[in-house]
Amino acid sequence: MATIKNVLLYVNRIKCEATSLESDITTYLNGIGIENSVIYADKQEHSEIKNFDLVITLGGDGTVLQALRRIHAYQIPILGINLGTVGFITEIAKGEWREALDKYIDGTLRVSNRTLLDIKVVRKNREIFNTIGVNDGIVTSNNIKAIIELKVYFSDIEIGEIHGDGVIISTPTGSTAYSLAAGGPIINPEMNALIFTPICPYSLSNRPIVTGGNEIIKVKINKNQRANILLTIDGQESIDLEEEDLVYFREHGRYARVIMSDKRSFFDVVRTKLKWSGGPRA
Amino acid sequence: MATIKNVLLYVNRIKCEATSLESDITTYLNGIGIENSVIYADKQEHSEIKNFDLVITLGGDGTVLQALRRIHAYQIPILGINLGTVGFITEIAKGEWREALDKYIDGTLRVSNRTLLDIKVVRKNREIFNTIGVNDGIVTSNNIKAIIELKVYFSDIEIGEIHGDGVIISTPTGSTAYSLAAGGPIINPEMNALIFTPICPYSLSNRPIVTGGNEIIKVKINKNQRANILLTIDGQESIDLEEEDLVYFREHGRYARVIMSDKRSFFDVVRTKLKWSGGPRA
Amino acid sequence: MATIKNVLLYVNRIKCEATSLESDITTYLNGIGIENSVIYADKQEHSEIKNFDLVITLGGDGTVLQALRRIHAYQIPILGINLGTVGFITEIAKGEWREALDKYIDGTLRVSNRTLLDIKVVRKNREIFNTIGVNDGIVTSNNIKAIIELKVYFSDIEIGEIHGDGVIISTPTGSTAYSLAAGGPIINPEMNALIFTPICPYSLSNRPIVTGGNEIIKVKINKNQRANILLTIDGQESIDLEEEDLVYFREHGRYARVIMSDKRSFFDVVRTKLKWSGGPRA
Amino acid sequence: MATIKNVLLYVNRIKCEATSLESDITTYLNGIGIENSVIYADKQEHSEIKNFDLVITLGGDGTVLQALRRIHAYQIPILGINLGTVGFITEIAKGEWREALDKYIDGTLRVSNRTLLDIKVVRKNREIFNTIGVNDGIVTSNNIKAIIELKVYFSDIEIGEIHGDGVIISTPTGSTAYSLAAGGPIINPEMNALIFTPICPYSLSNRPIVTGGNEIIKVKINKNQRANILLTIDGQESIDLEEEDLVYFREHGRYARVIMSDKRSFFDVVRTKLKWSGGPRA
């Protein structure tokens, strides 16, 4: 049983019904004597979120990503209520919020620890950037038409030179996001793993690679690029890269803590939302 | 430093140079006072191998698979010496045997724990078969032309019905074997994971799935098949399946223990042997 | 306007409603003064079908394949009435038979010319086998577990050596059959083309190849196979191959003539039956 | 035997040896009494090239694309001499120029007719843009991170809504360019066909589609995009698209005329340059 004294609502007001739901939940929390505050996702603040026992997001997967990026160091559990169709991270449908909240307070919902990415950029031997990723870090050009050239290393072993649109390094949580679109495998989000997926490489001899543990995936930006190169994290944060920059990706020591629905599992979502199918009638 | 009193040589005599190498290694072991015996891979014995401190295989990946299947319960470390081109499991080239053996005795070679598959067949509520897999378990027809129909469950969630040539459930070690040919991702063999890869499914909406931990992948043989169905493990052991049989795949509690070369890593082998490449010049 | 004096019904009696539909159509044809006969698909005859102005099949895609293989030399148009879900070749649903038949007699339904395969086997410099394929010719082992080794040539240029489950050479009509399951592209069935799709090759550096015109695709069976090798055509005819046999695939000089529905196009079927989709909501 | 009175050299001066080779060829042509002129690829002119019997390009595939785009209406044969590694269109290596030129004059080299794309943009019922494509037309965002949403039609049948990085419509000549990187099949460049390849679609249920003949592929830009959308042709010309624009792709009535080497075929280049391979040893 989780002792919940102080709840933060993280609300994406663009979504329909977000504010009426916010009011319902606030009223409910007040009624059972739980302190609560609200942050709106559209406010462009990036300060860390701390001193709460629980964060409830109202929005879609993007809203959860945003909230998780701000709370990760404090490892506050997050309950993602989906205002649209059920998402990959926000497994709780909007009609289920009260039941899910009650169950979480009663200690009957499981909290899933999700691998986070630790991402660093080193320029001329100095670390100039360090962030976490919930879904993925992507190295691409600013312009889809330009081929970029990168070298990729797994713990200092060069796996090859990429000529193409770029590369994705994804967590299992991100395996159903851009990595999937680029041809990557589906990975159970509760695993500890990193997925390396090239984006449209000019090569036949290619396949996504899954690794993990203490492996460090290093991406080196070659000289003589024809385009500006960008590192984008979770589709929400980006930094311009320069030639000869090194980008290091590894599993973060901390986890995101996502409260799971007891109504559907990841594999239900794979089947119903991704429409995974093994045959014409399935 | 490993105390090695008793070594088993597991020799595939079909490979060139196997017997001359066997004699060299035996002479060397006698010279340094280590007891040793020899088993030939072509002898059709399947008894377990025990009471050795080290098994050295002379052959290819198939020879290691065979030996690992017989020693797994005793978790004896295995040193795979490759008589052909460097393999995925047998990372030690034949010219390197003495150096590798000396280093292993000195305790300077790392032993890699490899996930094994625990595979069970249940027929009419009775377990009729239980084995381990080092690379993979494959459910197919006896005849490649016949479409088979299977239901696949991840911890009791039905992911879908497969119509196609069959399914592969692979360990990370097996990710570079048949799973790769069927389109599966490359997985660092030191991870704990299972890979589910359909074989030629009659569906567009399809992708390999990686999972692990306590997940049980269950394959149910549908009724009214047009072909006889077979479960094959590591390409070395097989059992005919019947309609309505259930096959359970999960991570085994024990690991295979493979002695690693210090000369090349898995990612070197991916690049040089699989010719992984991200671009036309790479 | 097509002059129809003599119709053959080609009936797969295993399908539900086949015989009642047969009787309805026969009655209708008698009523409008068109001679008609019936052949049952389950009769194991392979004689050519000739002296008809129209063949109507009652069954699924398999029934049409069977009928087309028997009538191809006479190029009789075929009207495929689907007794199950709409197929790729049998675009006419069972409730639409009378409208389709009337329209065809009135000359308002289009006849599509479909590329056929001409397949030859040469053993020790002698042609020992020659047949046509409507969907595809497949070279595999008799046993899915055995890797086979083949050399493949495009007009005498060796494209490479295949190690894997085998190869498919498909017509555009067959592009939605086994070639699709093996990863091949979808091809408009009205094109003149051949598709070469390897089946589970042990190689990353691989991609289906589309060619056509006068190209001859030659498959050579290597020596020292571990399995018996089989050539299967349309899943309906097969011949055992021997080591060093050569199999030649090319576009046949004649076409199959398939009467098209005016209610749905190939691309409707791709969307509704194959569930082709470009996004999560589509 | 081709009567050659007037030759244009189309020279990419950035490539090493381009100017010395230009001088060698000019001297040779003067010596055999053939008039000749030179255009440099880096001059930003886009006027049509006409009144020549032959165009010789010195550069890579990009140089040929550029020249072909300027000469297509006059259908002048093009001899592409490759200054780097052998390309897909420039099959003639630099050491082979004299032999190839002599043979072409003697009429012993074959000219290959290559399908061109006719690309039109219609905005508010008015055609605002019309161009040809040698390789491909690509609809993407200006920014790789933004998902775009498009509807795609084959001859007015909606195949589906694309959510992803965009779409490629390619000629067979372009099948080994960006379409290949996005997962498209390899197509013999002498075929008449169009290849539709989605770029990183957010969908599992997806496959490249090959069509041709009179098929019109229509791409509609949805409303409410999050990014600016761009149509790029051959990586050399682009136009900003607006919401609700329609882009029409079809086979052009004219062909590009490419002089073929007699030393290597397309399939040689697939094997040696793309490293197509069917097995680990191949």
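Per-chain numbering from 1; labels A, B, C and D assigned in written order.
The rule we apply is simple: contacts are C-beta pairs under 8 Å (C-beta built on N, C-alpha and C of every residue); 3 or more make two chains touch, one makes a residue touch a chain.
Only a predicted model underlies this, so the values are computations on that prediction, with no experimental measurement involved.
Peer 1: State the chain with the largest centre-to-centre distance from chain B, centres being mean CA positions.
Peer 2: Comparing chain centres, D lies farthest from chain B.
Peer 1: Comparing the two chain pairs, does C-D have more C-beta contacts than B-C, or is it the other way round?
Peer 2: C-D
Peer 1: Between chain C and chain D, what is the separation of their C-alpha centroids in Å?
Peer 2: 33
Peer 1: From the mean C-alpha coordinate of chain A to that of chain C, what's the distance rounded to whole Å?
Peer 2: That gives a centre separation of 46 Å.
Peer 1: Using the average of all C-alpha atoms in each chain as its centre, how far is it in Å between chain B and chain C?
Peer 2: Once rounded, the distance between the two centres reads 39 Å.
Peer 1: So which stretches of chain D touch two or more other chains?
Peer 2: Within chain D, residues 164, 180, 201-207, 274-277, 280 contact more than one other chain.
Peer 1: What does chain D use to touch chain B in their complex?
Peer 2: For chain D paired with chain B, touching residues are 203-207, 273-275, 277, 280.
Peer 1: For the complex, which residues does chain C have touching chain D?
Peer 2: 149-150, 152, 154-155, 157-164, 180, 184-188, 190-191, 193, 195, 198, 201-203, 205-213, 215, 265, 267-268, 270-271, 274-282
Peer 1: Write out the stretch or stretches of chain B touching chain C in their complex.
Peer 2: Residues 138, 140-145, 164-166, 178, 180-183, 199-205, 230, 232, 235, 238, 274-277.
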